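The two complexes that follow have chain A in common; it is paired with chain B in the first and with chain C in the second.
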Partner chain A sequence: MSAPRPGAPRPLEKLALSLKAYPTLLRIGLAEAVAYRTEMLVWMLTLTMPLVSMVLWSSAAQGTRLGPERLGSAELTAYFLITLLLRLLTGSWVLWQVSEDIRSGTLGQRLLRPVSPLVVYTAEQLAPLPLRAALVLPLALGLLATQARSQLTSDPWLITAFVLALPGAWAINFLTMVLLGMMAFYIDSAAGLFYAWMGLYTLFSGYLMPLSLFPLWLQKVSDVLPFRYMLDSPVKMLLGWPIAGGARDTALGRGQALTSLGIEYAYVAVLALLVVLLWRRGLRRFAAFGA
Partner chain B sequence: MVAAKHTAEEVLASVSAAAPPPAGGARSGDAAPVATTGETAIAVSELHKHYRVYKRPPGLYAAMRSLFHREYEDKQAVRGISFRIACGERVGFLGPNGAGKTTTLKMLAGLLHPTGGRLEVVGHTPQRREVAFLKQITLVMGQKQQLLWDLPPADTFELNRAVYDIPTAQYRQMLGELTEILDLAQIMKTPTRQLSLGERMKCELVAALLHRPRVLFLDEPTIGLDVSMQVVLRQFIRTYNERHAATVLLTSHYMEDVLALCPRVLVIDQGQLRYDGELKALVHLLRPEKRVTVRLSGPVPDVELARLGTVVSSGPNQVVLQIAHSDLRAAVAHLLERLPVTDLTVEDPPLQEVMRDLFARPAAPPAPAPEAP
Partner chain C sequence: MGRLSGLRPAARQYGRLLGLQLRVSLLAGMQYRWDFLAQGAMQLVWLGMSALPLLIAYNARAAAQGGTLTTTDISGWGFYPAAVVFGCFCLLKAVLDGAVNPSLLSVIDQIRKGTLDFVLLKPADAQFLVSTARFEPWHVIDAAGALALIALAVHRQHLATGAALPGGLQLGSAAVLLCCSVLMLYAVWLLVICAAFYVVRIDNLSYLFSSLFDFARWPRAVFRGALQVVFTYVLPLAVMTSFPTDALLGRLRPWQAAWAVAIAAGLLFLSRRVWRRAIASYTSASS
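For the complex of A and B:
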């Protein structure tokens, strides 16, 4: 029997291998996205809810102003256009892939490779972003430029905060989807959980309406949940909100953005830890009950 | 049939030259002996695997009842099997459906954790799934695929090059070698979904072997393929084994796969190892008779034939006899010298029949098993 070869500790070895393989994983992932381009286009059309909300709320705000920030039609149009953009660029639906891999046993094939399936999932989810951006950015930026250009902040600090918030928003989306998908280790179908999660997301992320239109107590609830950091908070950063007395309060906006970024990345850290721990636990179950 | 067919002269020569039974006059399969290094590739000791399976009778009442009270059954998939396989060996892993073959292969590949016992593959404990281990093994499952469905096979190969960190020169050399042997150059850029089953299986094998694994676990690699494609894949597996001194553990319900590739077989039934040894010895053990088919130029009374062995079938120009190994040499000599024989073949009974005989025998009582986790 040959002895195992000495080498780097296993996690570091896997990490080094993953980093080296990552560009290829992204390239192959993009090739797959291109192969599924029609499906992706159709899927993107299903994410146009913010456009519906934009029309509804802009109409509701016609000739009046809503909420304590007194949001008008122009502000709401800008809000929902950026919401659409964010949803398309930071959304992740990896839950279905994870869940299907576990249920069908395909996860076994992934586990035979020396790179963790979790790393491969991130690449598969990030790879289509350039294609999604190419499809959506011209439209969204065109609409922003013609309909809501004056609403965007020019404060470099807030713009930087917005850019920093994007990877965090993607990560929260991705990690929560992985967590939900991993429930397939324990239950027959994760679909029910997904719809429950989507209900909460729709309400507390600002997908349907800006959270500043919520009653104060509900806003406080949303502050401690992860949803707003995926959508409402970054959108507000780019718009330079909050608005007080009819003008943007940039100083307050910077403070809120900083707090928001802190909470957002704390959520990313906690969720990443949860995913790793539960993944290991799930794999033990997978290995015990049938791969 | 187990044996290749031989002319009358060859039979006489081989009967004379052969050792006493079980060799007889015909070879048990054409699996050539393998060159091994003597080093152990796979060591399995008292391996157990139990599952807890949820049971629910059909119907609405049972469905409602299961909300409050779930019933489980402990399924003992593998019950204390032990074996060793040397580096470079080609071994067939046989057994009926549900015998525990795939479960054992998955444990050897590190996908399933054993309930009890020990196993080592190329010096590693599989369930740890260390990078060094994963780079030395491969598991090909005829019913599962790793090829990216909507992309050409070349993309899956490139993906594997990256995740196995195969040096570019080795990758090119290996890809060239594999595509040449399997004649894949024309389909490398065709999306996988547009390939035939046989072409896909060939590409699966390439994807699984690019990192040049030392141990191949092949679970029904020829399932669903036509006969000519089965032959191609068998030849390919043998060539890979010989070129790279790789160890092969193969399960298949096609006995031709086993005959062509595996001088040694492990037979598992109901989670227990029933036989570990040479295939031809197993055939001789269970079916000590040979089947002799004789073509005749004139009529011969059945009485005279019956003196040589059991008459299985008899026609105007052809008769099939079943003759004990110990009587074979004398019987063949008698046939050729005394009767108007124009052709004669000696064959082992079909391996399927041999297996059926084996599985029909009662298994030994199960070994005591450790508690399921």
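For the complex of A and C:
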């Protein structure tokens, strides 16, 4: 499949083709999201875990302040609300689509189109975001404004860093999900891998609690893994907390935000490369038992 | 009188039927022996991981207040009682995932494909048949883990505070209340499933219920204001895990026990009524 055949578009032409088709792909994706809007709303309501954590942690901080950051109930409430918001905006479940396409063979139909399936997947995953945001943002911003207004940073640099971190967080999510889905080229069911991955994610991303409340050695582990750059770090940027822990400190926060962004996008680059390489290898195998 | 004498053979018949369904599920599960063990081990890892926030929260609070794990409380609940609540949550979740979820989820599929007709034709109660259709036996492993956790926490509480170990009355009432919780879960689930007769795409409604159930993992005192009222009286999540814990620790008031039994009976009755109506209005896939 990867070897250029006579008459097949050359890489540059292919890129131009993809760019031309992209707006249409996005429009189709959005139309589909609108068609299944109730389903999406129900799916969004299933993300209760940050709220479950919030209930416990704001009670635990009642009348005292926890950890090296001296977190009170208000801080923890703000942390989990932003966590919820981020999860809704950067989450991606493309794994099921990819593995289903490979297993059932519908990938063959996708391959017939002139645009690479990988590009189509990104469009399908990005398209519903405006609708998701429209459903979530009013509620989340309302809650943040009433419950945690004073907790958010007002530093323009940190807010910029937060905004810049969002596409990266989305990309890490998307790429790892594609990678896991592509395991269907080799093994029967990717579900076990997915759950193991989700377990690690839940633990090391700051989904259950701010990572600075972890024992020190677990924090060290989480620094190396990609998970915290998808959640904990961006959240801390918006709150103005230094990413390595400690009380709110804008100057320190700025420097650490920059480092964190650097690591985040390095992960994006490595993962993107891995996806493209493994995708080619996988396709050869797919063609082998398909044709 | 005549009705009663007819009840016993019926009970025996359904008992045999349940045994058969269980055996089929067990055989199907044991075909993949390694899978069985791997899934069980995975569940235990999950159990340990989801207990982590509780441990860290109590430790952080203890450190902030200069106390120890055993003297610290969150909203009036000590660490060990909270651990018992968490154990009850894990136990209920194991029952839910192992015995309630798989069967009822397959109903949704059958409605969509139209194969529910075959179930309705069988000479046994349809609700019984669909509720016992599938079990996932490896959840026995995490249920055992949850029970061990409960026992450990109760024992530690006894060592730490000198509270008496639960006697027969406490154990019995806790067991009854846990059974009530399972019945509540089953009834609420059945109500969700009944919605599938009217709205066809409902798969994620089932996830919605599972994720709402996550709120039951903490003692009910951590919920404040409206949430506490909702979780005690409307969607009795707090009742399901906190009441059995209170019973085990010998501090449940009789009216609370009565309330739990009443909700379970009420929900069961309601779900049975709704199921009957839903089945009556079900027109199968062809018409």
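Throughout what follows, the second predicted complex is superposed on the first by the 276 of 291 C-alpha atoms of A that agree within 3 Å, B and C clash if a C-alpha of one lies under 4 Å from a C-alpha of the other, contacts with A are read in each partner's own complex, and residues count from 1 in each chain.
The criterion applied here is as follows: contacts are C-beta pairs under 8 Å (C-beta built on N, C-alpha and C of every residue); 3 or more make two chains touch, one makes a residue touch a chain.
Keep in mind the model is a prediction, meaning the values are calculated, not measured.
Engineer: Let me test your reading of the model: by the given contact rule, A:287 touches which partner, first (chain B), second (chain C), both or neither?
Structural biologist: So A:287 only meets chain B here.
Engineer: Touch test for A:20: chain B only (first), chain C only (second), both, or neither?
Structural biologist: The answer is first: A:20 touches chain B but not chain C.
Engineer: Thinking of the overlay built on chain A, is A:208 touched by chain B (first), by chain C (second), by both, or by neither?
Structural biologist: second
Engineer: For A:114 in the superposed arrangement: first (chain B), second (chain C), both or neither?
Structural biologist: first
Engineer: After lining up the shared chain so the two structures overlap, which partner does A:35 touch, if you call chain B first and chain C second: first, second, both or neither?
Structural biologist: first
Engineer: For A:81, is the partner it touches chain B (first), chain C (second), both, or none of the two (neither)?
Structural biologist: A:81 sits against neither chain B nor chain C.
Engineer: Pick out the shared contact residues on chain A: the ones touching chain B in one complex and chain C in the other.
Structural biologist: none
Engineer: Could you pull out which chain A residues touch chain B in their complex?
Structural biologist: Those residues of chain A that touch chain B are 1-5, 7, 10, 13-14, 17, 20-21, 23-25, 28, 31-32, 35-36, 105-106, 108-109, 111-115, 120, 284, 287-291.
Engineer: Note which residues of chain C are touching chain A in the complex, please.
Structural biologist: 38, 42, 45-46, 49, 52-54, 56-58, 60-61, 63-65, 74-75, 201, 204-205, 207-208, 210-212, 214-215, 217-218, 221-224, 227
Engineer: Spell out the residues on chain A that touch chain C in their complex, using ranges where they run on.
Structural biologist: Interface residues on the chain A side: 39, 42-43, 45-49, 51-53, 55-57, 59-62, 64-67, 192, 195-196, 199, 202-203, 208-209, 213-214.
Engineer: Using the touch definition up top, name the residues of chain B that touch chain A in the complex.
Structural biologist: 39-40, 43, 51-52, 106, 109-113, 120, 122-124, 127-135, 137-139, 141, 144-146, 148, 150-151, 155, 158-165, 191, 373
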